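One structure coming up, written as structure tokens, with questions to follow.
As written, the chains take the letters A, B, C and D, and residue 1 is the first residue of each chain.
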Amino acid sequence: MSKYISNVKKQFKFKHIATWASVLLVLIVLIILNGAGALNRSTIGLLSRIAYSIILATSLNLVVGFLGELSLGHAGFMCLGAYIGTFVASLLRNVIDSDLLVLILSMLTGGLVAAIFGFIIGLPALRLKGDYLAIVTLAFGEIVRNIFKNLEVFGGAMGYPSKTYKAKDLFIIAFVVVVIVLILIQNLIRSKHGRAITAIRDNEIAARAMGINVTFYKLFVFVIAAFFAGIAGVIYGHYTTPVLYTTFSYNYSIEILVMVVLGGMGSINGSIIAATLITVVNFLLQSKLSGDLAALRLLVYALILIAVIIFNNAPAFKPIKERLSLSRIKAKKVEKKKDIINDDAAEWNRIETKINVDAIFTPDLPHRDEVDQDGTEDSEKEGE
Amino acid sequence: MSDIMLETKNLGISFGGLKAVQDVNLKVKKNELYGLVGPNGAGKTTVFNMLTGVYQPTTGTFFLDGEELKGKSQEKINHKGIARTFQNIRLFSNMSVIRNVLVALHNQSGFRYTPFDAMLHTPKYYDVEVRMRDRAKELLDVFGLLEERNNLACNLSYGTQRRLEIARALATDPKLLLLDEPAAGMNPNETAELMSIVKRIRDDFDLTVLLIEHDMKFVSGLCDEVTVLNFGTTLIQGETKEALNDPEVIKAYIGG
Amino acid sequence: MKKTMRKVLAAAVVLVMVITCFAACGGKGGNVDGDGDGKTILIGGTGPLTGDASSYGISAKNGAEIAIKEINEAGGLNGTKLLFDMKDDKATPEDASTGYDALMDAGMKISLGSVTSGSCAAFADKAASDNLFFITPSASAANVIEKGTNAFRVCFGDPDQGVLAAQELTKTYKNIGCIYDTSDPYSSGIFDAFKGEMEKLGASFILQTFDAENKKDFSTQAEALKGCDVVFTPFYYTEAGLVAKALVAKGSQAVVFGCDGLDGIADQIEGVNVKVMYITPFDANNTSDVVTNFVKAYQNAYGTTPDQFAADGYDAVYAIFNAMKAAGVTADMSVSDICDAVVKAITDPSFKLEGATGTMTWDATGACTKAPQIVELNNN
Amino acid sequence: MSTFIDGLSLGAIYALIALGYTMVYGIAKMLNFAHGDIIMVGAYTILTTLELTGNPYLAIAFSIVICTISGVVIEKLAYKPLRGASPLAVLITAIGVSFFLQSIAQLIYGSKSRPITLPDFGKMSIGSQEINVNTVITLVVGGIIMAGLTLFVKKTNTGRAMQAVSEDKGAALLMGVNVNRIIMITFAIGSALAAFASLFYLMQIPSITPTLGSMPGIKAFTAAVIGGIGSIPGAMLGGVLLGLIEKICLSIPAIGPYTTAIEFSLLIIILLVKPIGILGKKIREKV
């Protein structure tokens, strides 16, 4: 026991819990505000949407950011979760009285079913690379919703008439799930298994040569990501009714991908922030640009998207970005101890997937000091 | 138990009808330092790729410590005890030095825990992680990389990267270490240092080493036996000095 | 330790930002606010204003806006002005939910629900729990008005149209064909009823389908249907126009017979040699005062002839207005009180609306009773 | 048999769009999700010119010009700044551009579908079977474009430079190839092809909406991948194959509703059997 405590002490770092602890803190504040009646309907509804978006974005980040495989079918897993989860919930309601218990059980079933399909779609991932895998996952998402559309049990084109959960409670439960998901994902990433996954992304050949079981990890990541996406789907199904197959088109998968790319591949914090921002921006555009102005909604969204992506990624903007960057002060400090990786978990968009390596033109790119977000944990300065 | 660590029998491979390597018969004794030399394009790296499961040999087979490994996957072969370095360095360049080694420690029997231990951070997780780190530091110390452990692998000098790659390969606890041009790009000092390191790890880690190298000084100063390949076939095999002084070999090098 | 402090500080800053953001976006739900000071009443609704289905949502919104303008120019509800706001829901349930929340925060008192069925089911679910009165212009799926006593509609229900179509078709035609959109609640709703009625009548028909992913090229379906006397097309005019053209291209003489979604098809099939008939409560060429006034006002405002969505939107606003007037609704009443009063007024046997889509009455189920007419477009 | 002909004519359209996709992918190595929307731009240009002048040939010429210009402008403004950035960033920008074009179209033309009447060349009969002349023209033009592109890429200097850029941009740059210019030309050609695609699309499906391009875009992308993305004959083959399968599925009422699922399942199966598409080029990774 004492060994355990000393081990924990040796390993513990504040930043390891910073992410989920902050989310938890936000949640506590929100619960208090909610209790005081200070949150209006839109905010409460929006919070549930933010919660499932965060789960979707972080779980997709596992696949795209950490494993380095491009998936355009994440909405397909969500679709499975939403349909199966709410279906199971309606069955369970006959047997179990507690709404909360029904929700939890349906989340687990929805997640499990999605995970099984995650395994199935993980199989091609073993054979295919980059854009080919992307199109297969996109195809998978479209197949799933096409099939649900035609299943009478799930309401066919009318959608499955799920029963919504009380909005005031749903967002709290959803955020508790977010915290749990964050703990699980970050713990996983900060372990030897997480190292193995990032090793596959960085250099698959070397990873194989080091005896990393690439097959296992690729499938594992797809399964875990699908599981969480399925849970997000169940939350979605309890947020609104009916569960309609049109929602889960490839456009939605791409929106989740936008969250991941905007937040920075391989950055969980980034995914959380980007998921929140995109959901809020979408909501603001929808509610502010109503009536005749609605036609501008997509236009504004598109312009924001293009501008942000170009600003964030264009080599030409790099100096400006660095000048404006919040981490500039931090970066200066790093300079003193040259080349020592410092804590830069807050850095966005520092890691590129290997898709990059194969596919894009980079002759004049300066060799950047890419820092693996979690590589920092190996910096053991503080441990000694 | 024989005293042969690696034995290949008529190992060969062809790509689309072209015989890249044929009839390679190696017998590497335990604890031996064995050299694989030959001019460019002779098929040395292809042999390594076959021995590590990157390519599947089209003819022949090979045994490690008496166990046939042909047809096994790269991972499996590594688990069985063959580790390698690459001609064009393949470090996890975006990872810190210590993390490179930690990745390689992945499969060692003492360092096992399930993904669920990881997700829930069970006591086992903490225990293993602490021990893994200690082990990684020990290994880095052997290669004089301890001070560099928090640097990014891509920021290291070329020679240091080579050393790190060997350290990483060693971390998988191999019986047989394949080094693909370990001294390439090194200055004479570094080469000399590398020679002593290779000798030392052979003794300390009870290793057998098979290496590809162009630097003949390095080979003759280090290897007990060599095989010379030319155009995918064995030119000569035997004691290092004799083999390297063979007129055929010299002709192959000068003529090729 | 310093680093930790900085982190805590950063987290606190983010926290404050997030909460202000929520407060900011929550405070005002949109560009139209019911200020709740007793001078205005906000009528809200959601509909597809962008995306594939947007032409339907925009029509409904335009029609409703004309009615609002007319009412306000005539002095409003006993001096109280009506405000109208429609949020974009892209025909998705989740955006209808968010739109509903935003409208409620903005002070919505009474509502038009959603334009499309899928969204309206989401809207109805929320409205039932708040007891908010809504009357949807065009969400015709059966489940839309089944959630509570607060839900009403202006359009025909899907099942009614399907049954009616089956009866009409079997009366005159022998070789009947049918094509429907398996991905659309409206289309499949009508089709299910149609199929049931056809079985009851002992009539057979050739069936073809399409869906949202394959709704442009109808050559295969036209090939199968070209021998029919009549092809039943229970979906919207965009696709029906293409089906009609595909049939003509295959040399078919078949009459295209559809439901109220076909209203608007006239300019889609200009110059195409085809006869189109559809069940509709609205005919822009009708010479009644209500219709001519509406069509004129619409053309002045938007430059095009209104379709049935616009007429439905127009009538929905008048239904709300007349019922509120009859119930004596004032702006300071609560949502639920308004609902109870309006439901009572609208289901009263004496309540009748002379609208652009005919004379309408409502019963407690929320369904609307009005006389269907069959409009015929003959380009022969 | 008529299903076959219908499939062929739909497939010909997919093939034309897929050619554009594959050109851009093969050389710029980016998935241009906005390609479908260039077709929409072309369609609206044809509509407007036809309404203003009534001359279909002028309309076609104009649409080629407008499409080419918009393709090049989009490349310059949205994609070029991202040269060297992560390909995912480029992918997302392409999606942004797609949204942008759709909303601009909705603002200008409204969202109601606009019918259009293009010259119909009637039918001709091959044996006992009647076939639309439009279909034949689509196929023939598709074939000519395919052959022309192949020749262009193989025989001209620009074409060879394209191949070089496609193989290895860094090396091409070192060999003095103006990579930016080559990519710009690629986009110009791809967009001009989109204008052709829009013409043939409208001949068969005479109705225009702002979202016209997105579904054919995805389908053509699928076709390009089936055929082996980057391969010009592959795009043609994939397009025709996909059109045929779609029509065959739709012609059987029992499986009609599952058409999309079947098409995409087929894609997955083909990729599992042949991970680089039917005519794709194999790349061996050097160890």
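Basically, a contact is a pair of C-beta atoms (placed from the backbone, for glycine too) under 8 Å apart; a residue touches a chain by one contact, two chains touch by 3 or more.
Just so it is clear, the structure is predicted and the values come from calculations on it, not from any experiment.
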Most remote chain, CA-based centroid, reference being chain B: C
Winner on C-beta contact pairs when C-D is weighed against A-B: A-B
Whole-Å separation of chain centres (CA-atom averages), chain C against chain D: 35
Between chain D and chain B, distance of the C-alpha-averaged centres to the nearest whole Å: 49
Centre distance in Å when chain B and chain C are each reduced to the mean of their C-alpha atoms: 71
Whole-Å gap between the CA centroids of chain A and chain B: 39
Junction residues of chain A - those touching two or more other chains: 142, 146, 149-150, 205, 295, 297-298
For chain B, residues that touch 2 or more chains besides their own: 54, 86
Junction residues of chain D, two or more chains touched: 103, 106, 111, 257, 260, 287
Chain D-touching residues of chain C, taken from the complex the two chains share: 50-52, 54-55, 58, 182, 207-211, 213-214, 216-217, 219-221, 223-224, 238, 241-242, 245, 249, 264, 267-271, 304
Footprint of chain A on chain B - complex, ascending: 52, 54, 73-75, 78-79, 83-84, 86, 90-96, 98-99, 102-107, 111, 113, 115, 117-121, 123, 125-130, 132-133, 149-152, 154-155, 168-169, 171-172
Residue ranges of chain A in contact with chain D within the complex: 64, 70, 124, 127-129, 131-132, 134-136, 138-140, 142-143, 146-147, 149-150, 205, 250, 254, 257-258, 261-262, 265, 295-299, 301-303, 305-306, 309-310, 312-317, 352-353, 355-356, 359-365
Interfacial residue positions of chain A with respect to chain B in the complex: 3-4, 7-8, 10-11, 183-185, 187-188, 190-196, 198-199, 202-203, 205-215, 220, 339-341, 351, 367, 369-372, 375-376, 378-381
Residues of chain C defined as touching chain A within the complex: 3-4, 7, 10-11, 14-15, 18-19, 21-23, 25-27, 29-32, 49-50, 54, 61, 65, 84-89, 91-99, 101-102, 104-105, 117-118, 121-122, 125-126, 141, 143, 181-185, 187-189, 211-213
